[in-house]
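Chains here go by letter, A, B, C and D, matching the order in which they are written, and residues are numbered from 1 within each.
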Amino acid sequence: MLNPKDFDVPANYQHWEGDKAEDRIGPFFFARQNGRIETAFRAEDRHCNAHNAVHGGVLMTFADYTLCLGANGGEQQFVATVSCNNEFLAPANKGDLLLGEAEVLKRGRSLVFVRCVIRAGDVAILTASAVIKLLR
Amino acid sequence: MLNPKDFDVPANYQHWEGDKAEDRIGPFFFARQNGRIETAFRAEDRHCNAHNAVHGGVLMTFADYTLCLGANGGEQQFVATVSCNNEFLAPANKGDLLLGEAEVLKRGRSLVFVRCVIRAGDVAILTASAVIKLLR
Amino acid sequence: MLNPKDFDVPANYQHWEGDKAEDRIGPFFFARQNGRIETAFRAEDRHCNAHNAVHGGVLMTFADYTLCLGANGGEQQFVATVSCNNEFLAPANKGDLLLGEAEVLKRGRSLVFVRCVIRAGDVAILTASAVIKLLR
Amino acid sequence: MLNPKDFDVPANYQHWEGDKAEDRIGPFFFARQNGRIETAFRAEDRHCNAHNAVHGGVLMTFADYTLCLGANGGEQQFVATVSCNNEFLAPANKGDLLLGEAEVLKRGRSLVFVRCVIRAGDVAILTASAVIKLLR
């Protein structure tokens, strides 16, 4: 179990176990706050692109993490992303603590609709929305 | 300069230099074929999620790579993704050679519209479309 | 100037003049409330599809109206939609008063990023997000 | 049954019966050509916005028509759009014959993934992709 403090993320966030690609791209962390899933990761040099901004793929992966945890509520329920739309609002930089907040708009029997905004401080960095399938 | 052969990718593909996050998530490779940009990467264990399928974030990052190279034609022209929409068609597995093909639909003065399909053999894995901004 | 009361929409909403297609598909109405743009239209039989639910194209057009007015703040500033993503959460029915709320996430020099949810009472019907270009 | 010739659309296209909103926004027509669904409509003054270009909502509705008919193959199989993403490439004008072509990328048991480009002559006007649900 990865420790958020080792990645300069506040200690109230926890790690979702079992996804090696996610850990390699991030790692990312989550917390349940007021019935919502919130997520966090600290941008380091290895997350950055040729412009020294956080890479779009890292941001989309973090958004997908946020949306999937929003859909499964942080439980060990497996999910699969059906579609994921992203808009890039502003660049994030090395050292930024990136925070995501998942908002579930509709929870169906097999499909969950979620959207999120990723922020660095007061600045909105990325907005995303997804259709997520609940797997048995 | 990374060598495609070291990553089990055909030798006619080349590496786009300078993006450390991309290399860490991939690495990915590209080639100009018949006036189009084609891209490739070999899925390994470290690209996979908890289901041993290629992680959605890796696929979206590879799609973004494909779309951005489609927009800049593989040149050292810098670009930034404005929006990127993804639909997940089928899972890809460890060992698959994933191939992308960028199709530029409109090249404006500052915005380029591109779409792509990522395939493993005959199976369509992911389709994506993006608005890409050309940077000065 | 169309009167909201003639279309069973509350009197505090107003009409945005000059778009004949919009009036024919809707008409739709808007109000500035607490610094935000809110929109409204009453679903009638002519807005419905073969299932007697409000047609997806009508909903996307109403979402686009909401997003564009969010981007121009209800002023006579012309705008053009660059991209618009929609997710359909639940069906809306004949007789429903559909209300939209635009949330501007980033206002750049030439591009504005907006998202909205369309609701019928407490039920979220459609969520959409767009990149909108400000025209001179 | 609406006649394509009454709407300045080639006679090999046919009308999909039963959707009053669609007919009011369009009407639109379709044909099966080489195993694919192609669609058509003639832009008239009533389809245009304040700039005398075809309204974005009309274009998204025509794209949705194209995508849904792509999903059901032009049969009386009912479908519902789950998500629909649109990028606006160029304006279309009054008098243009708009042609759409649906490309099914994946046909699952309950979900179909389709994309399309809407063109006016050689000019790509709109690209869209959707997740479509097959209804029983």
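In the analysis below, a residue touches a chain if its C-beta (ideal position, glycine included) is under 8 Å from a C-beta of that chain, and two chains touch if they have at least 3 such contacts.
On a predicted model such as this, the values are computed, not experimentally measured, just so you know.
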Handout entry: B-D against B-C, pair bridged by the larger set of C-beta contacts
Key = B-D
Practice task
Fit subunit A to subunit C on CA atoms, both being copies of the same sequence, and give the resulting rotation angle in degrees, nearest 5.
Solution key: 180
Problem - Chain centre separation in whole Å, for subunit D relative to subunit B (CA means) - result: 29
Practice task
Measure off the straight-line distance from the CA centroid of subunit B to the CA centroid of subunit C, and report it in whole Å.
Solution key: 35
Completion exercise
In subunit C, the residues touching two or more other chains are 82-83, 85, 87, 131
Handout entry: Of subunit D, residues touching subunit B in the complex
Key = 83, 85, 87, 89-90, 105-106, 113, 115, 117, 124, 127, 129, 131
Fill in the blank from the handout: Residue positions on subunit D within touch of subunit A in the complex are 82-83, 85, 111, 131
Handout entry: Complex contacts: residues of subunit B adjacent to subunit A
Key = 18-22, 24-25, 45-51, 54-58, 60-62, 64-65, 78, 80-88
